[in-house]
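Some structures are shown below for you to check.
Two complexes follow with chain A in common, the first pairing it with chain B and the second with chain C.
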Partner chain A sequence: MTKEAVQGATEEEQQAQSKKALKKQQKEAEKAAKKAEKQAKLDFAKDRYGVSAMVQSQQKLDRELVRVQDLTPEKADQLIWLRARVHTSRAKGKQCFLVLRQQQFNVQALVAVGDRASKQMVKFAANITKESIIDVEASVRKVEQKIESCSQQDVELHVERIFVISQAEPRLPLQLEDAVRPDGEGEEEGRATVNQDTKLDNRVIDLRTTTSQAIFRLQSGVCQLFRDTLTQKGFVEIQTPKIISAASEGGANVFTVSYFKTSAYLAQSPQLYKQMCICADFDKVFCVGPVFRAEDSNTHRHLTEFVGLDIEMAFNYHYHEVIDSITDTMVQIFKGLRDNFQTEIQTVNKQFPSEPFKFLEPTLRLEYTEGVAMLREAGVEMGDEDDLSTPNEKLLGRLVKEKYDTDFYVLDKYPLAVRPFYTMPDPNNAKYSNSYDMFMRGEEILSGAQRIHDAQLLTERATHHQIDLEKIKSYIDSFRFGAPPHGGGGIGLERVCMLYLGLHNVRQTSMFPRDPKRLTP
Partner chain B sequence: MTKEAVQGATEEEQQAQSKKALKKQQKEAEKAAKKAEKQAKLDFAKDRYGVSAMVQSQQKLDRELVRVQDLTPEKADQLIWLRARVHTSRAKGKQCFLVLRQQQFNVQALVAVGDRASKQMVKFAANITKESIIDVEASVRKVEQKIESCSQQDVELHVERIFVISQAEPRLPLQLEDAVRPDGEGEEEGRATVNQDTKLDNRVIDLRTTTSQAIFRLQSGVCQLFRDTLTQKGFVEIQTPKIISAASEGGANVFTVSYFKTSAYLAQSPQLYKQMCICADFDKVFCVGPVFRAEDSNTHRHLTEFVGLDIEMAFNYHYHEVIDSITDTMVQIFKGLRDNFQTEIQTVNKQFPSEPFKFLEPTLRLEYTEGVAMLREAGVEMGDEDDLSTPNEKLLGRLVKEKYDTDFYVLDKYPLAVRPFYTMPDPNNAKYSNSYDMFMRGEEILSGAQRIHDAQLLTERATHHQIDLEKIKSYIDSFRFGAPPHGGGGIGLERVCMLYLGLHNVRQTSMFPRDPKRLTP
Partner chain C sequence: MPMYQVKPVSGDMEVDLPTCMYKLPSFHASHGSSGSPEHALQNGEVDPAVKALEARQDEIMRKLYELKAAVEGLAKTVTTPDADLDLTVSSSLSSSTTFKGTTDLDALLGKDLGALRDIVINANPAQPPLTLLVLHSLLCQRYRVLSTVHVHSSVTDVPPQLLSCLGPRHADSYARHMFQLGFTLIWKDVPKVQMKFSVQNMCPIEGEANVARFLFKLLAPYPSDPAAATLVDSWLDTAFFQLAEGSAKERAAVLRALNSALGRNPWLSGPEFSLADVACYCCVLQTGSAASTPANVQRWIKSCDNLGHFGPAKRLLQ
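Up next is the complex of A and B:
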């Protein structure tokens, strides 16, 4: 009865109608209860499936959940419990085939009408939305023919109980199988691929794909290899502040923060702090942390926030001691990835094919003048002291690959004019400097140098670069009380991952990328 | 001749005077040269000392530099090169005693007039300013009586060559021996201690003290133990963005960043991103990174930027699975520090005495109501649903220590009203929640909870907390496509180090602390 109908009737009429409605409702309820009772009697499996109450830590269940990757023929004929996502489901007569997924692993499961499953239970299973999380109790069965479409090819699960733990909404913003499809594949059948913005807008789902799982497990590996190698070399991990009082590196491309009643900036690199640690006797330091660049660049390799892997160390007599430490660290990372992350590399390669990453031992080191000569020979016109443009960097990378068969090399002794004020000039040629970049597949991944450790020379160079000395006073003062010669460099984590895997956009190797146009999710 | 004198004379006079002056200058130069020659002849050791040219990587010297810590009796009678700081120097007749320092290690060195050193060389050595960095060639000699004041007690160095690599300015802003003096010690002799602001203003020098070196080497150890333990448990390291589009946790205490033509915020915790990773099937994740709080608190334990050690994990049936993982990780950290960082702990204890840190296995877990009961028994008046004040936290810590003899415990099941909107309510009592804090020496180091993984309940709770749903849309949407039950927590690195070592100010365990009044260095 609608509100409007009630308003149009007398009170008595209303009461009569209410009574009538109540009776009707009661009758209907009784009818429904009877029907349910009848159905329940018919459904012998009614306690074997359903939607569970939200897990709110109501109880401590003494139930072991098996991992999908552990479902091997050794477990045959065991009755196990498993929690996984419904990757796909397909009903077929009295059966429902499910593929159950846990990260990069998946297994086939079958719910079939029989002793343990009713028709209603199969129907229930068939209606579970993709990406829902379920608990199943199932018997593990060996299969005669390998299941090519699953990671667990030798067994399948015969489901005896099935409960939904968390229900996915029926309409997914993107399909996982579309998100991992190689560019161009399946176009003839009209199959979709997913563009990058849709992926990033729905990152929580996109990160579930085998490709994303592999990329970010490998990235986690890069960080670990970086730290383990340096720790073994006697480096100490430091934590440097990200909120700083002055835009130390010239003032361009820096984000401003409101800081109580004043303003502050976000650190464009931890470099000044790493150097202070060297002046404070930590000898060799590294840090892993966010780096911020307010650069309005919308390219495949620029982010406004990325993860810096930073190194700084005192050396004895020559900054090539620093280059050797860094290149050896990179080589240890490349070896570790090659030896321990083959599955991840191959998974990514399925969607994004690329040549295996090549490197030499010891690492190839070319001087800037040699690089310029190679470029000129290839027809590029450039001055001795010109910086390398991005296309020229890439071209040089190709030339180096052709000549030396390596995807990793160091370009040493950059022109002084194109480097920051704190770069140590070359002692033999005032046009050049003790600085270097490192490249992977022709793209820069590290920039570094011997730093000026003498307060007087540093003051001169800062003045030459028209930097406000008052703003970098505490930095320059760090060198007044005895400072060892030192050098270092900063590596971009996302670039290393992108280039090692032969990917083409740094947003693929940043979990939640930030660029001038993207701040979410 | 001054400029003024020149201006007062005729041109001829000027020329005559100039000639005269020139002659005089020439004569003086000749005289000085002769004197120098004579002195050089007299000083047979003139090539054995001096101020080196700035190390600019002029040459690759094939010279091994020995570490101070490796100067043991096994090296007796060897001639070695060493680079170190001048810690102290004391001239005494024809001898100069130096203490040479490398981080926490030091050794005595002697420059004495004799075969290898001239009177002038001893004088030169005696005049080297403290904290300068020098290279010495020296013969290692066993000593009959242990040198109690040095870390290398069994040998001293007989210096044969000495060169200054980097000269410290003569007036140090603070003396290292003052900076490590325990409070109150040496007061009678009028010896200074250094107050905290002076230390922090001159952090590069303060960090050279044995106490600072020990604190930050231990801190590096905490990070490593945290990561290694979690990696072994199958956790994946993630990198979460620090620049975010919305102040997700209610909007208070958040720093604003200018972001091109719009505004953004600094993340107050990586929590929402950790949770998205759980929804994206990473299962168990951790991250180590900066956390920003725009809180105008000038206390011993608040920083505006600190390092968060964050954990998040899916669990099966009960959030105590999460508590167990976290407490086990903490116990592994405590054990690792106890077993591998005794030297550092004892070094810090010399300046800041404290009781050894005690913990139980398994970790003590008390319910909030039990904690409140203990406090009431001790005379505290508080309501069931009141939050713990800082003094009450400390008092409860003391009561727990008395009763259970542990410096580490978990307080479980906080009142729902005092926790953030995303906290899972207790299934049995609507007043409480599935949340917990962890304490070291009576101070909170971790806050955590089971999170709500159901979009509908999350929406209800956010609405109840009057949070703008539009601003947390992408967060809530993360739970719409299947989300496992999960929980986690965030640990403050600086607090863990401070409390483990029994220190009393979090600025002691932050290399470059940030608070409402401090943004430098």
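Up next is the complex of A and C:
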């Protein structure tokens, strides 16, 4: 046979095939249409389910929506409306089980074929994509057996009407159960866990998990307790500028911004302005605001932008008055978290188990020489004036934990050589300074000191550190017209939350973290 | 130059002295006769009688100064209960109770590493360790002790008298390195009293009796006679196991034993006040039945009260 002939034959075959296929398709379409007609006729529950029109404020309904956390046996047999997300949906023959979720709370809902729901309605419910927001009218029913997997264990909803308010796309970038699964469990049972980068890339979905909700509610609590405690002590909250003309901590780690015809910097700390407020007679101030550090370190505890909680206060005769004030504030924060946020702490512990946070009241204060003695006893070799390296800090934290059973302590009287130029030297021993660091679980959270409030001594120390006096002229000038002795320190909100909960990466406690490799979301 | 001279009225005549009266040596002639001894004295030496007198005077002055220092020390104790006492005061106040014998902190606690040596004691606020409080006040008399009280996060409410049980804060407490010893008391939810000192070289010590033994050794060594040392130990164990934690029957038995022991000696382990007395007194006080104890025990309780060391323990129980 020739090629054309072969082609001709296959063409014919194809035509015959396509004819057959066409016929087949037609037949199927007819069948489906008939079926749909039949079903449409029998669908008595047609107007009790469906996708609602987009809520563009068409009408103002005075409908009360009940919160999932209020669904208790007291509401049994009541008909209520509620809006929640579909956490899971599972169809089983004539029934469909849905788990509806609202923040940390979830409840089981049942759509069953009966006199209120038709087969089509059950099918529709089963096909609602996960994470869609739905409005449900249901009656609350008591259950004999507790539903272990939900937060509302004593009741379930029998759905009468179900409408989709906002539909989610069918393929989610990550599954919420996977995001909440503890790492160990994932490996054991071969189930998936989600790695941190994916979580951070899809932060909006990741933040919906119970763990994330708990972490950020606790963080909000920390901020609130900080403000309340300090306000009660007579502190005034101030706001300091973040666009500044000179680098405050050191020239290396500062972000430059173009400022009209010149350039400016993003503030590395509110240090200079806090001190100026003290010289302006505000006596005791604190400020909560962003801090920008252009440190190119990709560690578990560094961010380029974080929230700084800073304190500065004038004292009467000894800088220990400042330490006492700061440590008392921290202890009040810890007590407030211990007493009011236990549910959140337990929720986080389910995914990230850790030891509960322990502390002493009043806070333990050790001197630097004592810390060095403890390290030397443990075999570390270091000089009297050496700074503590990060592994040494962690070791010292463990030694202090073993001896005093506290996760929070202050190390006082650091050597002068390792502190910034504005630190007040120790009057009795030139090697040391009136400065202190505070540690949580062996990691540093606060660095503070008595500041030099005398313009002349400040100039001497700045010259000793080889700092260009022109750049800090306005800073030195603020002490020329009468300045009280003062000191203070600052903590990072994210780091404190991370260490309190025993987490291992500061990005877990930062809602939209910024680091050298991440600028979005 | 004489103004005028009077010629002698009577010339030299022989005077017949009567022999029926007694003779006195003549004053005027004595200057010459006793010249020799005075010459010897004029070499710069002092008459031994004068020497003795001077010695007595010095002795009296010294006693006066001692008394003055003692009174000053007493005045200090009245106004500042936690002040380090003068040696003269402590020796005169409690001469029968100073623990004799020298102790060396370096030998007991290890080499001085140039930093405060801090003893950490964890105790449950429901059962305050009275013995340790008494030993603390004795330690403060002997060394410069930095005392601090902390509340651990495992405990929520601690009554205020437990927070101030170690006395007022020392004026120099901002400079930890100026003290020889640190005494850190932490109120914590622990089943038994626990002491930690050197995490590397020592395991923690548990139980009030054992911690008491450790602290006592910082004040005075145990009696070198093994029999006496064992007696002290046995009273310690009796106090903590049977008196403090025992049933009513056991306690009655211990009180009877105390009574008979105190009938023979003024203190439990013999003629000297010892750790056994401290422990038993505190445990008897804690049982609350101090008023209904046998006669010898009552007498002994009074003697202990007179010593004045048990102030902190009694204040806590009120």
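The definition used in the following text is that the second predicted complex is superposed on the first by the 477 of 521 C-alpha atoms of A that agree within 3 Å, B and C clash if a C-alpha of one lies under 4 Å from a C-alpha of the other, contacts with A are read in each partner's own complex, and residues count from 1 in each chain.
Criterion: a contact is a pair of C-beta atoms (placed from the backbone, for glycine too) under 8 Å apart; a residue touches a chain by one contact, two chains touch by 3 or more.
All values reported here derive from a predicted model rather than from experimental measurement.
Answer with first, second, both or neither: which of chain B and chain C does A:Gln450 touch in the superposed model?
first
Report for A:Glu370: first if it touches chain B alone, second if chain C alone, otherwise both or neither.
In the superposed model, A:Glu370 contacts chain C only, not chain B.
Applying the document's definition of touch, where does A:Val348 land relative to chain B and chain C: first, second, both, or neither?
Neither chain B nor chain C is touched by A:Val348.
Check the residue A:Arg85 against both partner chains and state whether it touches chain B (first), chain C (second), both, or neither.
In the superposed model, A:Arg85 contacts chain B only, not chain C.
Looking at A:Val136 after the superposition, I want to know if it touches chain B, chain C, both of them or none. Which is it: first, second, both, neither?
neither
Is it chain B or chain C that touches the larger share of residues in chain A?
B
For A:Glu237, decide between first (touching chain B), second (touching chain C), both and neither.
In the superposition, A:Glu237 touches chain B alone.
Once chain A of both complexes is superposed, is A:Ile128 in touch with chain B (first), chain C (second), both, or neither?
neither
Name the contact category of A:Leu399: first (chain B only), second (chain C only), both, or neither.
second
Does the superposition put A:Ile165 against chain B (first), chain C (second), both, or neither?
first
So which positions on chain A get touched by both chain B and chain C?
On chain A, the residues that contact chain B in one structure and chain C in the other are 318, 320.
Note which residues of chain C are touching chain A in the complex, please.
It comes out as residues 113-116, 118, 120, 122, 148, 150-154, 174, 176-177, 184, 186, 188, 196, 198-201.
Sort out for me which residues of chain A touch chain C in the complex.
Touching chain C: residues 318, 320, 334-335, 338, 357-362, 364-367, 369-370, 372-374, 376-378, 399, 402-406 of chain A.
For chain B, which residues count as touching chain A in their complex?
Residue list for chain B touching chain A: 54-61, 63, 65, 83, 85, 102-103, 131-133, 165-169, 172, 203-208, 212-213, 216-217, 219-220, 223-224, 227, 231, 236-245, 255-260, 262, 264, 266, 273, 276-277, 279-283, 288-290, 292, 294, 296, 304-305, 307, 316-320, 424-425, 427-428, 434, 450, 453-454, 457, 474-475, 477-478, 480-485, 493, 510-512, 514, 516, 519-521.
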